[in-house]
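Right after this note come the structures.
One chain, subunit A, appears in both complexes that follow, with subunit B as partner in the first and subunit C in the second.
Let's turn to the complex of A and B:
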């Protein structure tokens, strides 16, 4: 009797698991830029800095609008802004990594989960400081220095903050941005403007597309085993 | 109690008091070692505590030096321990983090000045030796003396404990300049800086109690015949030092309390209007003056330099007179010079502040007074150099340290002149040149003087000699390493290396001038070697208590001053009968005398 009950229970669980898998999907799409992006500027202090400048054969430029030939816009932070209230999510398997390489933050924009650690690394053999002034209550301001390539420090943003802005005061052109959100459903558009948010359960949500220069656009979406959502941001 | 007998009632008075003491019960452990009001025990308490802090201060800078030589590399052995003890924010992966570097830097300065050298020079030697040299049974206010040590001890505990509070110890430099000191951990109600200020208030209170006591003792308790000009130079040095402490510290105590208000209650005594920190305006009313803090701090800070150096000069004078077997050359000039230093030291403080833009007239005034104060310092040093002339010098360890003090302090003093001049200071300010300069004054300067004193008076305090071979290893190792540590800093300073760089200056020198960075590595290795050469001293200091050669004579160095006229070690009440002084303090090699020394209490 007990054996039968256990088997039934197991069968139901497998069925439910299968159904729940079916009920989630990837949200994919592309973000395009409308309008003509202004030309990027050369970062002249970087080129003149004896430590930083040697890493570049041609001068590094700003990364305000990285636009593909077909107007796909990179470095747009995409995340589910509404529709996930009250839900808890498992801890991320990996810690996101923000690197400082050749006197620039790499990546320029990335996402992270509130309450879970982020790795901040330096790949340069000289000093950077990582200065973060919290603008949202609950987040701790920090400012620490790294002096050797390979040095990694972990920091945790306790609360949602889009964007948490990191900056180096030794090299005042260095900025890095982290979209800190409270769910795993976020992504950053790649060089062609494409993004994928994986495993979002079926339902209605508000999706936010936010770019450092072009601002924020919100879209109401409905996920049914996945969704394709494109967005357009305008040059500002 | 015996030590409260302060009248000069003749030999029988003190003797009777001493006997009366022995009529009472033997003191228990607590009253003998913890709550002792005997100046000698308090002196030893000060000495041992200060030596422990000296070692701790050295440990802090040892960690910093590793970071300067090898930025971003885990500190071998110690790094993991620091991470365990202080957390990831301070020493992630055993690597000294910036906040920890700042905290260690601020606390190295604070500990070395306020918890190690001043207590050793003034608290330990002043307490132990001064009453003996003036023929007093104890200090004028023995219980105040005890309270002074206890305030010092608790100040030290507060400072030490501050490493372990959230956010760690104070991290705004030993000078705690506002507004940095207030804003560095703004919003944290009780932070390292708060602890620093509370600790400082305790330490200043301790110094004030000590100063009042020393002044009263030296004025009131000199034995019969001990006129002002028969006082050993050491006592004069302590006397002037006591006045410096008494008059210079109160403004800092007041300033400390005002900064405490700024930190805890968000007043704005030292915070200007519209202060923006990290891109945001600070929520304080403003209207205060950051410059005011600097003035109040340096009003103590510069006399403090002479608080550090005068007692060392006093010790060196005693050791040199004794070991050259000659009177001090120009004793009276030295006394007047030290008094001169005392006065002038109160009107030179703003030479630390040329870069604040005080204005050329004020800068001119302070550079003039600064040049003036070098004159009495040079008089003392010259007198000590000339005292060596024609002497039959005994090269024991105490004497070696005292002799090395002279050129080392000379380098320290002379390298200070370019910093005293407004024009050259503007370039050198805040560079490693400044570090080299004041460390020459304080480390191979004052600390060598203090080591000389330890080797010299150890037999009187313990009844046993320190081992001479270990002493000479300690001396030669320290002399060589001190110079290897501090001399290259002048070069780094000329190259423009900032003293504040957490990466040892790599940000600016890695590509342009790697030699400056290589010097960091040599300096660090020399500092480690310097630490190794302190091991024979530490062993010697403790082991000699038990195995050191016993003193068979109350006056083992054939000295003239009254401190050697007591039994060894001196009992409670010091002298078996009140000594009477018949002559000056340095009657060595007097022509026609039976021996090459004539003690002050030897009747004519």
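Let's turn to the complex of A and C:
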């Protein structure tokens, strides 16, 4: 009797797990770059700056195209652009963090939710200003100073804006980009070009892949317990 | 201070001498008028310096390094600790711009009051008050450019619109102060109707028209610079290898994919390319016009020949600086020199238009005509002509 009950319980558990897998899954994939990316440039004003220059033993360079040996493209913002209309999502458990380290924004590209706070931090023990000029209606422009290491300010982008550009005018080569979207289903490709969007329910969606330089591609996808979606951006 | 030290008096004299050398303008003989004229020249020189500092701020893209106005990071700007701005990235340039601007504002107040009390000619007194009004408006525009930076305005940002107005008004203000210096000079007082050679009778109108063209060119330049974008066209004399480049979306995408900006990280738009092309065509038109009028004036000899040579030289240098701005990928110092060259070109046009307009007209009585001839001969002699 006990064994029968245990078997029945185990069978139900397996069935539930299978149903759960069908209802929501991970969208994973890789973004590659077709064509040759131009060479990055040295950030010469950074090297000349008395505060910033001492943080680098070799010249810092721009980060327009970070391409792996196998053509995987980093810093591509991937998000569900269509297919989520009318759905509400719980507030994110964590606040995304944009840091200023050694006179560069880290990360260079990140995602955030519209209507939820983002932390903007300085790890540098000297002055930065954080300047954001909204390009979408409803988002508030701001420009504030961060004077010492550890200072954190919270800002909320009310509306979708891909990308919200943060800029330091004290060090005018410093840019950080935030893809602000209205769902939790976004990701940024890592150094190998890979990404994972977790917990996307089964259904049909339009997935957008946006790179600051290479542009945007859209893909229609169908999620059934997950999906593997690769994309290619091209430098013409 | 030792004999070779730099005193304010020496500084004023040096600036005055430089302007007299540049434009062959002589000071009034009356002691008060001489010093007022020299003070006006000094104010104009400081204004040119201010334009250079402002140009640096825009060239480096650091206009928002100080986010508040009229305070600086909450301080009264005159008491902002030097340790917090001297050599500190963009704060250095922006705060220095504010301090130099305040100094010029102070100089213009003194000039306006001095002129109001001592100047006989009402229209010169009026011009000095105009200069004061312009410098106040200029300060206000600079402040609005900062505090309204990201606000929407006329389909773009208020920062961009007020920045453009601020840049354009700077050039006009410089010409007004420079004109005051000219109108208080001995040279101006000796200009008389009838001194114009018959062959130059069309010069006043042409000069005024070209000066308006230069002003238009400076407005285009202000619009270009306050896009806060990298060079819209990276080559010269061709444009992306064409006489006139394409601006279709595919072309723009290809161009933007390959732009590796270090600062001013933004995409180039079709509008920016058209603006840059307008600037180039306008430059060609101005170059041809100024060289034509300049040659005409040089043929006539005297003071106006000097003006013609200086104007032609300035425009040639200005075209060279424009080309160098592109060839050096908008090098900060070259781009700023190009801004200063534009200001000097406009001022020269204004002074020449004023001088030729004054010299045009019916011949005066014989006695006056004789003194005018004496001036022409003296001027030609001083030039070795």
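Just so it is clear, the second predicted complex is superposed on the first by the 213 of 236 C-alpha atoms of A that agree within 3 Å, B and C clash if a C-alpha of one lies under 4 Å from a C-alpha of the other, contacts with A are read in each partner's own complex, and residues count from 1 in each chain.
By definition in this document, contacts are C-beta pairs under 8 Å (C-beta built on N, C-alpha and C of every residue); 3 or more make two chains touch, one makes a residue touch a chain.
Just so it is clear, the model here is predicted, and its values are computed rather than measured.
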Partner chain in contact with A:223 - subunit B first, subunit C second, else both or neither: neither
First (subunit B), second (subunit C), both or neither touched by A:141: both
First, second, both or neither for A:154, with subunit B first and subunit C second: first
Which of subunit B and subunit C A:129 touches, first, second, both or neither: both
Contacts of A:173 with subunit B and subunit C, given as first, second, both or neither: second
Which partner, subunit B or subunit C, touches more subunit A residues: C
Which of subunit B and subunit C A:231 touches, first, second, both or neither: neither
Which superposed partner A:54 touches (first subunit B, second subunit C, both, neither): first
Contacts on subunit A seen with subunit B and repeated with subunit C across the two complexes: 50-51, 126-127, 129, 131, 133, 141, 143-145, 170
Footprint of subunit A on subunit C - complex, ascending: 60-67, 73, 84, 87-91, 94, 149-152, 157, 159, 250, 253-254, 256-265
Subunit A residues touching subunit B - in the complex, by the definition given at the top: 50-51, 54, 125-127, 129, 131, 133, 141, 143-149, 151-154, 170
List of subunit B residues in touch with subunit A within their complex: 67, 71-73, 88-89, 92-93, 95, 97-99, 278-280, 501-503, 506-507, 510-512
Subunit A - residues contacting subunit C, complex: 38-45, 49-51, 62, 64, 126-127, 129, 131-134, 137, 141-145, 165, 167, 169-173, 175, 213-215, 235-236
